[in-house]
């Protein structure tokens, strides 16, 4: 329930489970928006989302199996005008296409004034957002503490659940 | 916390972030179910989900990269009996296959009495569900207000967060 | 809001909507973690996630359209050392590749001490977690009660919403 008129700030508890460039935006945008509103924010990075804590974010966009990507819209939104709209699904499986799509998305987001994922992450840290790496995922995939940025902590599912129990809003992204 | 016995109605805050036909169902089904139960409901359409506010919903189903789709189940549920169950993953990348899968899903849902996505959206509007288009996604992808149905509003992440802070249930779909 | 110091236990309401092996882990890990912490837990299996209630879980991992999968990471986490890291996206559409990826993930998870999905499900049942099959999805896809494990119940969106209204944490996975 909202506590906007009480003493304690609202709290947002997020799980970031996806590692592609496009899906990196929602958790960071929500986290920084909430942080800028004075909320307490914690983001638990797990599964594929754990890669978003690496020093250099290497996330890629995948148009494959994603027919809702704007580049497949018939009327062609201006942000993607330089894409060949008739690219068939099969062509998207060509090696290298992912990096093309990623570059276009990065450029589009930059042109429109949306901060790149790395900048959003820096902003989150500056706003005091708690970034938590999932211990179990680290063990399973072989990550080490030094693979990640210094501003993050390490925790487990119990850490997230205890934090989320006191949150006004909890979301699994 | 449940307020079913108090004066104010429960509130459901949804984020609809996916634009494929299959993933269009969960937010609209949850929104209309909650609306029919007398809840306050707000759905924030962002990212690929923004396309679900277009006048004509052109969402497609993508079986690619989705091995859990029923058509890959060995025992063949009756809803998909007319599909060749041995279609290999590679064949699914053939241009045009997505529209076949989409047609089959639409037909299956129709046969089973489940309302089409467009009808669910109309029902949501009739039930007073707030449909909110994400301003930032509109800017990034080049959408304009007139691209969307008249029954929707425009807002940002802060709009969603303030609304969700007062919700009993918030979900990111 | 947290009730950790009050009489009633916290409650976790989950929606499990995906049916691939990788996405089967998050709901079961969260459910068993919360159950072990003494929380009330309910998991609503809907859409592709419904297959996770079948007697034998046949979920597959799909690397296709998922560029964040560890096997595409340049530095090669130890859990996937025996994978050829240069596999192009196109090769992943070869029939049979999904089962290879699934086998590797199962093995990796096993080596690292993470319980297999089936074991996690058994643990959830033992912990008293409520497993609920979505009636509508059963109708649409042609599932019958006997297709599922005996420990589950059947319900609709309203069932979930009423349960979630009383939950401290609700997540859509």
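Order of writing sets the labels: A, B and C. Residues in every chain begin at 1.
We take it that a contact is a pair of C-beta atoms (placed from the backbone, for glycine too) under 8 Å apart; a residue touches a chain by one contact, two chains touch by 3 or more.
Computed from a predicted model, the values in this text were never measured in an experiment.
Novice: Look at both sides of the chain B and chain C contact and report whether the same residue positions are involved, with over half shared, or different ones.
Specialist: different
Novice: Quick one: how far do you have to rotate chain A to sit on chain B, C-alpha fit, nearest 5 degrees?
Specialist: Rotating chain A by 120 degrees superposes it on chain B.
Novice: Go ahead and note the Å separation of the Cα centroids belonging to chain B and chain C.
Specialist: 21
Novice: Touching two or more other chains, which residues of chain A qualify?
Specialist: In chain A, residues 1, 64-66, 93, 168, 170-172 touch at least two other chains, as defined above.
Novice: Once bound in the complex, which stretches of chain B touch chain A?
Specialist: Touching chain A from chain B are residues 1, 13, 15, 17-20, 46-49, 51, 58-62, 64-66, 93-95, 97-98, 136, 139-143, 156-158, 161-162, 164-168, 170-172.
Novice: Using the touch rule from the top, collect the residues of chain C that touch chain A in their complex.
Specialist: Interface residues on chain C, with respect to chain A: 1-4, 10, 12, 22, 25-26, 29-30, 33-34, 37, 39, 62, 64-70, 72-74, 77-80, 88-90, 93, 108-109, 112-114, 168-173.
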